[in-house]
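A, B, C and D are the chain letters, set down in written order, and residue numbers restart from 1 in every chain.
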Amino acid sequence: MSRTLVLDTADEAVAGIEDGSTVLISGFGLAGMPFDLIDALIRQGAKDLTIVSNNAGNGEIGLAALLKAGRVRKVICSFPRQADSYVFDGLYRAGKLALEVVPQGTLAERLRAAGAGIGAFFCPTGVGTPLAEGKETRVLGDRTYVLEYPIAGDVALIGAFKGDTLGNLVYRKTARNFGPVMATAARTVVVQVNEVVPTGSLDPEAVITPGIYVDRLVAVPARRYIVEGA
Amino acid sequence: MAVNNSSPKDHSATIEHTGRGPLTADELAALIARNIPAGSYVNLGIGQPTRVADHLHPSSGIVLHTENGMLGMGPAAAGGQVDPDLINAGKLPVTELPGAAYFHHADSFAMMRGGHLDVCVLGAFQVSVTGDLANWHTGERDAIPAVGGAMDLAIGAKDVYVMMTLFTKDGAPKVVPACTYPLTGVRCVTRIYTDLAVLDVTPHGLVARETFGASIAELQARLNITMDTP
Amino acid sequence: MAVNNSSPKDHSATIEHTGRGPLTADELAALIARNIPAGSYVNLGIGQPTRVADHLHPSSGIVLHTENGMLGMGPAAAGGQVDPDLINAGKLPVTELPGAAYFHHADSFAMMRGGHLDVCVLGAFQVSVTGDLANWHTGERDAIPAVGGAMDLAIGAKDVYVMMTLFTKDGAPKVVPACTYPLTGVRCVTRIYTDLAVLDVTPHGLVARETFGASIAELQARLNITMDTP
Amino acid sequence: MSRTLVLDTADEAVAGIEDGSTVLISGFGLAGMPFDLIDALIRQGAKDLTIVSNNAGNGEIGLAALLKAGRVRKVICSFPRQADSYVFDGLYRAGKLALEVVPQGTLAERLRAAGAGIGAFFCPTGVGTPLAEGKETRVLGDRTYVLEYPIAGDVALIGAFKGDTLGNLVYRKTARNFGPVMATAARTVVVQVNEVVPTGSLDPEAVITPGIYVDRLVAVPARRYIVEGA
């Protein structure tokens, strides 16, 4: 009896996500994006969401579809501007979407801090730039740092490769990206994998996200999404 | 293992098992094991708390964490099972269960500090009525200080159970108005399991859940502490 | 690739290749590739810097980092090699070399922020004489801000090389006394590779290492900046 | 041509370590301790060392042998007191060894901070205890944190399982412990493994320490050290 629930459908996996939630969504561009969970979230209907993700959607699939459905109030990301991010662009320019841009490594570290119980950290990235304006700074040694705070999610939606019935996860190549840190940083962690395997079939030395971080797991068919450019 | 339930005073209040003696260490370990919710992720401290593992049923799905980098720790290793690379926090050889995962120390303590463990069970020298814990140092001036992971465990788990005798061999109370030994953590203990009583630490003070071989009245008098009933 | 070495002014000072035209983008990429020490760990930014990879010899042992979680990145993927889970920071499909390693975003940017990369090569809008970098935002009020990993790269690598043209298409200098565009990083650039000159950023100001199709005197006049010689 | 040097002997691997260095030594008890590198360090002769390690040696082997040889000025660790730590005990009580005790998770996180370019971090561990005395604290949300600073090494001596010729490392079971974070936190990282394997023979998904962190690598025969108790 694992604490991790292995569910049959993406719809069950996203059940109960509340309006106004902060939702962490894994992926770098399309790699590692939990398409099926996002589609299920659109069906589920939660609105006024704050989305934390590296990008702000491509074309009209995945995160872009969620934006297009009008469910998102704010996006916290490092790089919203992509060749095919027209859904985000339109909503942003129309003033329908708030945006917080965070340097990519700071975004990852703030998520890690939330998962690791760190209250705040002094970070050298962005010092002296517009993204550090108004933030507390401190000189430590010969370097100036800016104080950064954790970003925690109510929910994380994560795309991984395989999971066992205890919730242990492995990822695949650069689709790993934000999944492991986001899995540590949300109260409820929902993961889609291509395959749920029996417990004991993953190499304990190669588990990337231990099952302790995974609340809900669902297998979905692998999807060969299209690779985009920057 | 036979807890005498013959003289419960009140079903909704403290259960006083006065018709029996205090719990043995083994009975106490079994009681704790029974009270840990199925599917929990649990860290058992060095010493007495390790005994709790002997009473966990595999069907409970409880997963053991050892802070030196493992989830899914199995029972002590014996004979040919002994592997010097596979030890617990007490540096004793243990085994690996299916679904285990290894990780490095920073990740292991991020898991702990980040509040992902459901329960940890720790020994103690003293616990205060507000849940302060003293378990790492007796305050003797010539003692070699050694904290290990005690402070991390104390502040990390969602529930911090202490497992100890209620009195020292010399009869001094170990539940005290304020700790006189150096602290391990402040307001961190949520429940105190002892041979004579199980006490919850609540915002309103100590609440006696069960007593063994003694009445609440006797214990309050011996401890010179007021306890509430559930 | 033919750099004209016919008119070096002084072996120990700036080499002025005045008997030729400015470097092409490809010649510039080749020059940078030649100057990266063997065995270096290198991150090549999105856009022009990606070209440097085409000129790295496998025998150099240079290992490429991509901030979306990989060391040992190989050339662009083509045809059947394309794997949507294996992309570079520009979100284009790439390949994996023997000895590659994958890691998550927090680890990838810890590697960067912690100063473990030897070199990164970045594009730029402007670089100041003190090494301030502006490469993420043109300052236009209606532009969608998108920083990605630029700020992390700028402050992270031991050596930050900028690769750009020395002047804009309109003839405005891109090496400037002080950046007018929003900054990416302060005093972070160590060397500026351009079509017309290679400049070191030193505590004493800019030092011209080589010029191409122009003399130092001409460039100083056009830039209205004083340069030192090695 | 990798930046990582694969050397024939432990003596070559520790060459050049200077008097007064801060040396990070992996291991939890004996698991993961780089015995051969420590023995070589004793032969090499560097003195006045500050050692950062979880424990302070067992019996008269490994770190205990280094202490016994009189080369250590200060130990930074979480748990110096073990059943057979008599070498440390004697030197400490004789006033010949300075000691800084750090909670185990804070030790790991301070090492990680050094490796990840974090200037300092607010940590909830140890607040209100003697180990936080004199340290800066801050209330963030509903919790008090203490400000902790990075611990960087001049050198790290690490025991791992296998390494490839690029320096990529895998560990074995709970012997992983402090190795991966220490590998990020020192200027020169020296690793002993049981086997150096050809580049390309480790699974890129399962590499724990990428070669970028490893400066010197040496294969030594596996040693079946004796397991101790706490």
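The definition used in the following text is that a residue touches a chain if its C-beta (ideal position, glycine included) is under 8 Å from a C-beta of that chain, and two chains touch if they have at least 3 such contacts.
As the structure is a computational prediction, the values presented were derived from the model and not from experiment.
Among the remaining chains, B is positioned farthest from chain C, on the basis of C-alpha centroids.
Remark: chain A and chain D have CA centroids separated by 33 Å (rounded to whole angstrom).
Taking the mean of the C-alpha atoms as each chain's centre, chain A and chain B sit 35 Å apart.
In chain B, the residues that reach two or more other chains under the touch definition are 96, 102-103, 110, 112-113, 156.
Residues of chain A in contact with two or more other chains: 109, 112, 116-118, 123-124, 171-173, 204-205, 208. This structure has the following touching chain pairs: A-B, A-C, A-D, B-D, C-D. Residue ranges on chain D touching chain C, taken from their complex, read 1-3, 112, 114-118, 164-166, 168, 184, 199-200, 202, 204-205, 207, 210-213. For chain C in complex with chain D, the touching residues are 38-41, 59-61, 63, 65, 71-72, 96, 98-103, 110-118, 156. Chain A makes touch with chain D in their complex at residues 109, 113, 116-124, 138, 140-141, 143, 145, 149, 170-173, 203-206, 208.
The touching residues of chain A, counted against chain C in their complex, run 28-32, 54, 78-82, 88-89, 92-93, 99, 101-109, 111-112, 123-131, 171-181, 208, 224-230. The part of chain C that touches chain A in the complex is made up of residues 46-47, 66-70, 82-93, 96, 102-106, 108-110, 112-113, 132, 137, 142, 144-152, 155-156, 182-186.
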